[in-house]
């Protein structure tokens, strides 16, 4: 197992220069994600109109994996419906944990593929939580609305 | 190690037919002895005049070792001074635990010898408490007078 | 396994190094603690030799491996009890701690002055004293269901003692002092009807019976690993998830917290919430191996074996003059408590030991039951998977030897 | 031991099978848990193979032997701590349980609303959360003595926080997160002057320093066996005899009672009073062997070894660009907590692990301290008797590797 399978260039790049980093001033939904193992804390903000995610940003400090995962996640989620977001999460979760991947609508395949650089974590079980943390936060935000729930990955 | 070193005939005899078994109606001193390991409970009664043990009896249920030890103890203690009783206890205790025996006045040697059949317990560490229980009760009685303390061997 | 669905104890005995190292040992004290098969001894040693590191908080592979083994043990216990969810398995030191945990975290939170805790006369001290402490602290009542004259649990009398304030029924599954098997399924139905929770002390049952907490219908089930052929230091509390979730922590410290400031601390979800500090990782790994060992023998084969041997023991001891078996009701399993006329149990145990036969003499941590039976102490032979008829015969012969000596 | 009074770590390493089974392993996480020498692993296995039976209540020889080994371990611990009396040694699961026991049995009995418990910013969660729970239950105050800007304990500030209501001072002997050695003897003098009791958490100190509880002058001393090269499942509470005697039981059940009726229960003397149920007999036997192992290396040699290696590590890490060592005051021992610029500790630990170097990344169960230092997490290397300069060099090389990757 080569470390570079985990820390691919695209991960290092998104880890150093996260996209959509920052706060949304008036999110319709937001939630905090907390990984007590390493102390990482992120917040995801969403603007949802109807059933569509119009904007999504995140902030907080984290390791390269969780930062890159947050960054890539915001890129693919922007403009998606909530149903699509759920599909993408299930597919991503299956890929990084080695579970059975649920069938994915063809339209989403390209987006799912963009998350593939993160699947290197599968070989590092303790790091899987780093990759899934922002996704869990989005799930929590969509459930709770603008209340600001905290999810923990441990 | 032959079992008959522990259960010598004299032990079996005193175990079956304990001497000085029963209650003193007006003891000057008494105490209960309790071995929680086996549930045995005995009571020793003493009539002390001046510094001399004029009478001593015991009652209660116990194993062959504790009954025989009680019985032999009452035989040797009757008529002794408290100082003699303490000497005999120390000597007996040393013999059954394998400790260093303190010097004994010559006058008491014969009495001490009468307790020798009990020294077989030395090879049965868990049974030592059975042999010393009545002696501990006498010590407690002499300390407490007619108040009736309970001593435990565990 | 032999043809008739029983174990071949001679074969089983080869798995237990204690017998090789103590030639002639007739071990009839598994009720106090079972011996360990080399599979368990080796699993613990190999764990330390190959995979050991502290769990949960390490990023490196050794720690990940150690954590995986520890968490896999939870799944093994789940399967062993047929619990719905591995997160309902809390690892503790022993059955005593499991019951103390329930008393402190569930009892002290949900019971009020005047509430009733119903136990039975068959209980081990571990299932009495924690409830007494709670009673004294909260002003509860401790109600005791009696045994009948045969030594069985009097189910009708137990039912009659259930009242509107009964909040918890805590019963042994198999009585350690005299071997009575308790109909816990029936008690579960009574508890449900009364809206009371049921705790079952499975310390003696878990090594012997196939246990299914869902079929029993209880709310808490506890057992102690050292009696299930596992290492000392690992016991199990199973509780329904919603109960665990409603309970505050018991011990506090590392590993069970989410966030600590000097002002305030938030706690993990169960089971982590109840496992403060570094757990006995190796004992838990060994316990899983022990449960697998029992499963490999076959749980119904283990039961059939101990049932048959219990029957043989009852026949053998009953036929001996001067020997009186203490009654255990309709169904007795694996535990034979008896008296020998004119010989104190302590003396008897010593003579038996010199004949190579290890039994227990005493109150078996069940003083109230002994009191009820009018006994200060009994001698107790208890069975394990390595015992067979020859052990019972050796016991009989040793008793005769004692009778000759004290006769 | 080598000529200069230090250990020959290469020689020592041969005692630890983990290294043979994990070639290339550079283990720098002994602060979380130490590896086990074969002397300990074998002692536990041999105990089960030859001498195992439940203790205290058995008349037969196996049980007597098992009991003897267990009670002999108490004497070994007494010697290890230079405690006056073996009856002052209580076996618990770990340091966490020891502190919980003191909080529940001593704290809840003797503290009153308004009384103060003084701790420090250096503490592990195990020496924070139990006192918070007690504070919330009794209405006590939890007072915190700060560190100075170098990471040392500010003794003057601690003294200033002692007041007429200070009843207990609870401090770590060696801070697990950053390696600060605390002058517990001086704190003991302050405590005595103030009429307060002193609890010392020796979890990190016991494996490294010669500990003498009488010379320290504390009232409680706790440590955890798995960090002293012993098995998981055995920890130690030492307390002055009169304190133990004044304390009610903690957990209740078998073995710690004198007499039980349904109405009332009377308890044993210490230490039995505090060891309810079947203890982790094998872990205790293994712990004794571990302490003997440390003694066989020589306790001052162990200290000299770790001091020298700490110095080497400080020099090595300080000289690396981009590496910042977290301060530990005047005297640091065995624990090196650091940050590497631009690399998250979690990523660093993963890269280190792939280089064979096992370290910890995180808050080290000391969140309030991390908060004070303004850090979410650090990377921590901690030393054991099997480490030497080559391990520090490997750490340095692996950090450089990570820097190349993330640079």
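Residue numbering begins at 1 within each chain, and the chains themselves are lettered A, B, C and D in the order written.
Quick note on the criterion: contacts are C-beta pairs under 8 Å (C-beta built on N, C-alpha and C of every residue); 3 or more make two chains touch, one makes a residue touch a chain.
Nothing here was measured: the structure is a model prediction, and the numbers come from that model.
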B-C or A-C, whichever has more C-beta pairs in contact: B-C
How far is the middle of chain A from the middle of chain D, if each middle is the mean of its Cα atoms, in Å? 39
Using mean CA coordinates as chain centres, what's the gap between chain B and chain D in Å? 46
I need the residues of chain B touching at least two other chains; which ones are they? 37, 127
Show the residues in chain D shared as contacts by 2 or more other chains, in ascending order. 57-59, 63, 257, 259, 346, 350, 361-362, 367
On the basis of the stated criterion, which chains touch which? Give every pair. A-C, A-D, B-C, B-D, C-D
Quick check: in the complex, which residue numbers of chain A touch chain C? 34, 36-37, 125-127, 152, 154
Okay, in this complex, where on chain B does chain C touch? 1, 3, 6-7, 12, 15, 37-41, 61-65, 124, 127, 130
Per the contact definition, I'd like the list of chain C residues that touch chain A in the complex. 56-59, 63-64, 67-68, 257-259, 268, 272
Provide the residue numbers of chain C that touch chain B in the complex, in ascending order. 344-347, 350-351, 354, 361-363, 367, 370, 376-377, 405-406
Parts of chain C lying in touch with chain D, wherever the complex brings them together: 17-18, 21-22, 25, 27, 29, 32-33, 35-36, 38, 40-42, 44-45, 48-50, 52-54, 57-63, 93-97, 99-100, 124-126, 128-130, 132-133, 142, 144, 224, 226, 231-234, 251-255, 257, 259-262, 264-265, 276-283, 346, 349-350, 352-353, 357-362, 365, 367-368, 371
